[in-house]
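All chains are identified by letter, namely A, B, C, D and E, in their written order; residue positions are counted from 1 within each chain.
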Amino acid sequence: MDWIAMGTGFTLILMGLYGALTNRNILRIIVSFTVADTGVNLVLVAVGYMHGRTAPILDEAVSAAQAVTRIIDPVPQALVLTAIVIGLGVTALMLTYAYKLYEVKGILDISKCKDLKW
Amino acid sequence: MVSPIYIIAGGLGAAFLLGLLPAKWRTFAYGITLATLAFMSWVAGSWLYAFAVNGALPVEIFTAGTQPPFAINLRVGLAEAALALLMTLTGLHAALYMKDTLFKQGRQAMAILLIFIMALCGVVFTRDLFNLFVFMELVMISTGGLVLLSSDQRALGAGIKYLIVSQLISMLMLIGIVFAYHATGTLNIDGMAAAHINLFKGGSLAFFLIFMAVVAELKPFPANGWGLDIYESAHPAFSALFSVATGGATLYAVDKLLLIGGAQWLPMASAIGIVTFIAANLFALVQTNDRRLLGYSSVAQIGLIFTVMGQQDILGERYYFIAGGILLAHAVAKAGLFWLSGLVKQRQLTDWAALRSQPLLVFAFVTFIALLVGLPPFPGFYAKWDLAHLLAADGRLWLLGLILFGALLEAAYLFRWFGYIIKREGSEAGLALQPMKVDATLGAVVVAWLLAYLWGQLSGHGNLLHAIPLLFALLFLPLEWLPAKVKNIMAIAGLVGWFYLSYPSYDAFQLIFAAVMLPGGALILLASFQTQQRRVGFYPAAMLMFAGLSMLIVAKGSFDFFAAWETLTVGSYFLILRGKHSEPHALSYLVFSLGGAFLILAGFALAAQGVMDFQIAALAQVAKPFAPWVFALLAIGFMTKTASVGVHIWLPGAHAEAETDVSPMVSGILLKAGLFGLFVLLMTMGKQQLYGVELTHVMLWIGAISALVGNLLAIFQEDAKRLLAYSSVGQMGYALFGLALMNHLGWLMALMFVINHYIYKSMLFLSVGGVAKRTGTREMYRMGGLITLMPLSFIATLIGIIAVSGVPPLSGFGGRWIFYNAIMTADYRLPMVIIFLAGPIAFLYLFRLIHTVFLGQLKDEFRKIKEAPFWIILPQMIFVAALMVFALVPGVALRKVDVYLSQFFAGNGHLNWEGLTISSDFGYWNPVAIMVIIGVIFSTLFAWLLFVNRKAQPVKQFNIVFAAERPFRPETTHYAWNFFAPYRKALGFLTQPLVTRFWEAVTELLHSAAEVLRRIYTGNGQTYAIHLLAFVVVVYLLWMGGSDGI
Amino acid sequence: MKIPWALLTLFIVINYGLLMTALVQKIGARVGRRHGIPIWQNYIDLLKNYGLRTSITHGVMFYLGPVFRLSGGVGLLLFVPSIYGSEMFSNFSFAGDLILALYFVFFGTLGMALGAAESGHPYAAIGITRGLSQMTAAELPFALAVFAVALQYQTLSVTDIVAAQQGSILNWTLFTNPFAVAAAMLSFLGSMMRPPFDVVLAPQEVPIGPPTEYHSSFLALMQTNRVLFPVAKIVIYMNLFFGGAANWPVFFLKVFLIYMVSAFVGVVFPRFRVEQSIRWFLIWAVPLGIIAVVRV
Amino acid sequence: MNTVMFAISVLLAVAMIGAAFITILAKRPATAMLAAGLVSLFASVLFLFMAAPDVAMTEAAIGSGLTTFLFFFVLGRVRGGRS
Amino acid sequence: MIRRFAVFLLLLALGSIFVNLLMGYVPDSELNLTARYYAEHTAQDIGAANIVTAIVITYRGLDTLGEVTVLFLTATIIGMVLSQGQKHRALQRQLPPSGELLTTGSRLLVPLILLLGAYVFLNGHLTPGGGFQGGAIIASAALLLLLTDPLRRFSHRLISVVESVSGLVFVASGVLGILYAGGFLDSRILSTGTFGALFSAGVIPVIYSFVGLKVGAEFTSMLTNLAETEQS
């Protein structure tokens, strides 16, 4: 399963980036980036996955003593949690920018936003 | 001592606290912001003090009460504390600077600023890879916020471009981090480093991704378009932060990463860094927008530091001294420049001319660009020195060359900019001065000088700011309010006094140069008495030059020598720039001089082979494979100063356009610095062979061709001062020739040239300067017949040209006589042909000078002009007297040196000074007898002629025999323009400006390359992202190629 | 006491010069089947001009021009020993060696140029530019030859050079270093102000070149120089290349023969323009000089 | 690993890639946004399978929920996002 | 078209890097050093059943603090950017009221959602979920209210006070960690309590609650700020 997730993740990243680098509409760029972000998250979780183990939560099923042999690596999950939230933050920020850009200049086309160059 | 974690906790807490305040309490919120930043700075500062002074050990901060790698830990050591202090202080200044903007945007903006600074400190402190990522994201997002503080609406576009690229960067980094974690089982940086990530399959690839992500934040070429857009459009105070704080923190993050990656990544770091350094400097060359230029410069500087980081394997314990020196210099300078840019209303570089109304701000600007370029006494200078030595010791000469090339480009555009400030149109209206902003900028100036002092103390080479001549020169800065006359007295007293004090310490050889440079300078300074008012900027510049000269003469170590060299170069540049139309010429002077200086640096570095404390005398012991190269580098460097052919094109403009009293200084005195260097070089290294070619023979050719080309070009000049300037090229060619003869008399002749050229060239420049001052033109064909109106100037010129041409009985003949005796023992004769041809040509321009200015027909518009001002005439008359004395008794100056030189050429060649006759192995010469015989013949005939024609009346101007016509207009009768037309027909082809064309082509090539290449920055955010991707892919391919595919 | 002997030398040379130049003119005329001037014509001219008084002047440099000029000629003569082995006629050669003589040549040239320029006459200036231009190229082979000779004898002292040529005619530099002599003689043509290199004086195009404005005693001084200077210069050639002269008859003969070289060339060849003569010297004379220098 | 789980995850992967295609290629921004939300949603299911319930919850709530809403909020304010 | 092709090529290259990563990837069969430590020590050291939560709040608390700050930052920036235009805003247009069903439904649902959110973050140390998820759930309540009444105005003041106070509490508890426990952000300033109980795992539930509140407030602030911009 981890191979599938990882493969899918990488595919999503590449697809997202393709979308982000070829669409001119800023909103579409941002959307494409969220797809790529999801791909990254998938890869991250997949790296922590271990066959035949359970979630890193100690309960009746998994006692503290058995934890070492029963649970999967919790660290990537913790990282992904942070990454998702940060991803949201960046997305929100970009959206705000897009909105503001639209408000100020009336454009959403990144290729028209070239008054700074060279 | 407060734990450094409070820097982070404090910043964060205050940011959250700001949210509690009512939106209206702006002042209170601002107070909290400032207090927090001050607190953060204080904590960082106190730790820095503890580390630096008390030698405390680095502090480890374990969060969550758990040891790493299981919890995040932070580390604060000397470097971290220094960076934190830098960032927090910059932040504090930025907050002060942005007061208006922050008030307008309210507490939210202040919170963002606090978080930004806090996050940067986090980036520096953390030892956990993922934590690094989090802090970097914080930096990125807050950057996104702070960019919007700009009043420039284009900042929006810049921000979104930045965010797009940042998205890519964070993705790469996340993937890299998780795979690195998978490979090593830890997220701790030190843990990963210990685990040798590269041994794990996939681990090195993971590291590659992380490395690329962080490196991309350094804005490497070509993946840096977004950064430039931010620099151009953001609020200047933020641009400063972005350059200084973000740059510094990211560099430190990369430094930490290199721990993990290990030595195999160092070459890649250097490669990326140096490409960025050169590309960015190249592009900056064609910028006209100030902030974008500063952006390119920031990118370049960070690229340079990155290059240095890649060299840490050989830099050893000097690594932090060098990288830190460059980083701090960059930081203070860039912050200062960005802050200055906030004071200037318009955005073109030329609009900065408005600064001229505020000398203090001009001084600030100079300080900043000197910091950036790495001129003494600033940290970059010491860093450059050490870096060059360590690189050269390890044979990384290509890299050294590239670094110096990039630095030269940087100096070129920065000083061009300075030229705009000093020379272009501008008024106070172009400035928007606010006390807060000005204070912040001046604060940076103070810090710059403090750093200069600190780095001097740390350098181990002796602190340049302890050098009395330099301090004396700097003393004139606070005294600028005094009238010029007072300052002139001080300057003269200083020069003479210093000469008197150091007199006992000079040997015969040094004494010649010291006499020309110090009392000689004082003599020329007499002419400066004629200027009125305060003459702001003249004295610090002049005294800087003289300080450099006086330090040069006595320099024992190569470091002192080089420091003095750069000092005098910079000082003279400022002096030359003062001329009315000298902007392009001063720039060309500076670029050539710095280029030469860099060659000298490279030469010393190569010679020292890692010995930091290299003595000049030890040049003699340089081993075989390096020796000829050292020789060539140093020789070319010095010859740039003497304006030998090929690198002479700066001289005519620089000397001709300088002010009346500056021309003699830079011509009569400054050129001797190059000769001094050549002397020292030849004294220590002697003859060297490169690929079987005797290098002194090459120098012979260069000297001869310089003499010929200089003289030839001089005869075709219409501008009197340009004529004299080209004449200097020729004269220096003679001196170089004499030196390259490598025999006793050749050197003696060169020394005689030092004295002679100083006297007659100073005299001629003063005389011509006085004439130009009275007539308002330097075009000789517009003058004519001034002999009756300006008799004293005429006498000075007459004596001057007789002396220059080497006609007996004046002192020029002595030079020629020694020259002939010298070439008798030369082992290589062909170049003599050229030098023989050059000799008579000197007559042509000299005659032209005196004929077209003083003889011939007086023009109507000049009938009422007066003799040149007293203070310009006085030194000329002293020079005339000196010339006579030197002509009669050359032994006064030469005897001791003659003995001194004997130690280099054992046994043969020195002169005999018996009574009044001077004799060599081949001939003899009695100056007094010559003077007496000629004097008697001359005066007898003259007296007789006067006697028989005692009744003769002066005739009217046009009372001449004129082919049946009676001329009535002086313009048509004064034969002066295109004076040597037949000569041009015969030999004009030799004066093809090939060299000029060559350098123009080089300049043109650089400019058009920059113009074409910078088009990759299309302004499209997606393109920038593609650049980044391409950058990653290319580096990947290079890395795979370099490591044969791990 | 050197001074009376020096004055005697001067007297001899001036008289010899006056007669010789007249004689050469006479010979030229006779070859051209003209009657020519009487042999004492130069004396007449000179005395007449010395006798005249002027009432006009163009300023101080106007005086100085002829003074410089003649000082240059006299100095040149007196700094070089005239008669080899004669203490009386060694003149003031103790003051300096060959280099002094070589550079003192320019003294007169420079002074003349200055003086003529002071007249304010544009033609004078044109003549000077031509003269100076030509001189730069004409002096080069001579300088090379001198250098070659000095190298050959390892001395710069004229007396020593002459001494080295004694004994046999084959010891003359003419035979020991023919390239140097050839180069020097070509240069000699240029410095004699005779055709084909006399455009400087340009009797046709410019009234009479630099001396246009000179007359009376000014002209007298210059005329004196015009007879003195060639001889002085030839003395150097004679000493360097043709074995010097041990007594006055040999002196007269050698000077005359050397002078005749330029006179002969002058009647055979047409006149060069300045740029042509510059090229001519560079193409023909300089390579000879270079060979001479390199061969030694 | 049992076959059912494997099949489901393959299906999810295919669905995600399909949705991602729609995101990239869709004409209307709204469609793209919805598709992107779907990608997130499928991903959160996959996370659940991969024993990462915390991540699954977060992805569902934030990645597919809030983010999509944010998109629509902005989309509504820029005239349908036409450039 | 050229751009697309270039992008495609570059992504192909990037893809090959990814493939290399994939090829080099060998799944662990045992927990690695760090994970093993967490598996072994979390229960007695921190007392949290959900090891992810223990890591997020304690071991990697600094990350989480940063993460919270990211949201705070984003919300602040959005507030700052969007408030710039607000002064010039024209009068709101009158919008038709939303449907009866939605209004009633929301009245019913909002308290439930809030409760759910609170449950999620309070139990973060025991079960899946925590402050972020809970915060998002709380924000969805606000979202619902906005949907029913687009003109509804939330108190910015309240939101920012909640935001700031929660943030300060987080920082303060971190600082308390230095004073009373092992270091910054050490959650053991309160007793670890009984393993598996609600009030256990030291200060984790407290922090997670405030994180929940903060995240909720920040999401709400983002949403309302965007909602308050003029609908054009």
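Throughout what follows, contacts are C-beta pairs under 8 Å (C-beta built on N, C-alpha and C of every residue); 3 or more make two chains touch, one makes a residue touch a chain.
As the structure is a prediction and not an experimental result, all values here were calculated from the model.
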| item | value |
| --- | --- |
| Set of chains whose contacts include both chain E and chain D | A |
| Contact distance in steps, from chain B to chain E | 1 |
| Comparison of A-E and B-C by number of C-beta pairs in contact, larger one | B-C |
| Geometric centre: closest chain by C-alpha means | B |
| Where chain A and chain D are represented by their mean Cα positions, the distance between them in whole Å | 11 |
| Whole-Å gap separating chain A and chain C, where each centre is the average of the chain's CA atoms | 99 |
| Interchain centroid distance [CA atoms averaged], chain C/chain D, Å | 106 |
| For chain B, residues that touch 2 or more chains besides their own | 130, 134, 137, 141, 144-145, 148, 175, 179, 181-182, 187, 1022, 1026, 1029 |
| Set of chain E residues in contact with two or more other chains | 3, 7, 11, 14, 18, 21, 25, 28, 32, 34-35, 38, 50, 52, 60, 63, 66-67, 70, 73-74, 77, 81, 128, 132, 222, 226, 229 |
| Residues of chain C touching at least two other chains | none |
| Set of all touching chain pairs, with the criterion as stated earlier | A-B, A-D, A-E, B-C, B-E, D-E |
| Of chain B, residues touching chain E in the complex | 3, 5-6, 9, 12-13, 15-20, 22, 61-66, 69-72, 105-106, 108-109, 111-112, 115, 119, 122, 126, 128, 130-131, 134-135, 137-138, 141-142, 144-145, 148, 175, 179, 181-182, 185-187, 201-203, 205-206, 208-209, 1022-1023, 1026, 1029-1030, 1032-1033, 1036-1037 |
| Touching residues on chain B, where the partner in the complex is chain A | 130, 134, 137, 140-141, 144-145, 148, 153-154, 156-161, 163-164, 166-168, 170-171, 174-175, 177-179, 181-182, 187, 225, 228-229, 232-233, 1014-1015, 1017-1022, 1025-1026, 1029 |
| Chain E residues within the chain A interface of the complex | 3-4, 7-8, 11, 14-15, 18-19, 21-22, 25, 27-29, 31-32, 34-36, 38-40, 42-44, 49-52, 55-56, 60, 63-64, 66-67, 70-71, 73-74, 77-78, 81-82, 85, 127-128, 132, 195-196, 215, 222, 226, 229 |
| Of all residues in chain A, those that touch chain B in their complex | 13, 17, 20-22, 24, 26, 29, 33, 36-37, 40, 43-44, 47-48, 75-76, 79, 82-83, 86, 89-90, 93-94, 97-98, 100-101, 104-105, 110-111, 113-118 |
| List of chain D residues in touch with chain E within their complex | 53-54, 56-58, 61-62, 65-66, 69-70, 73-74, 76-79 |
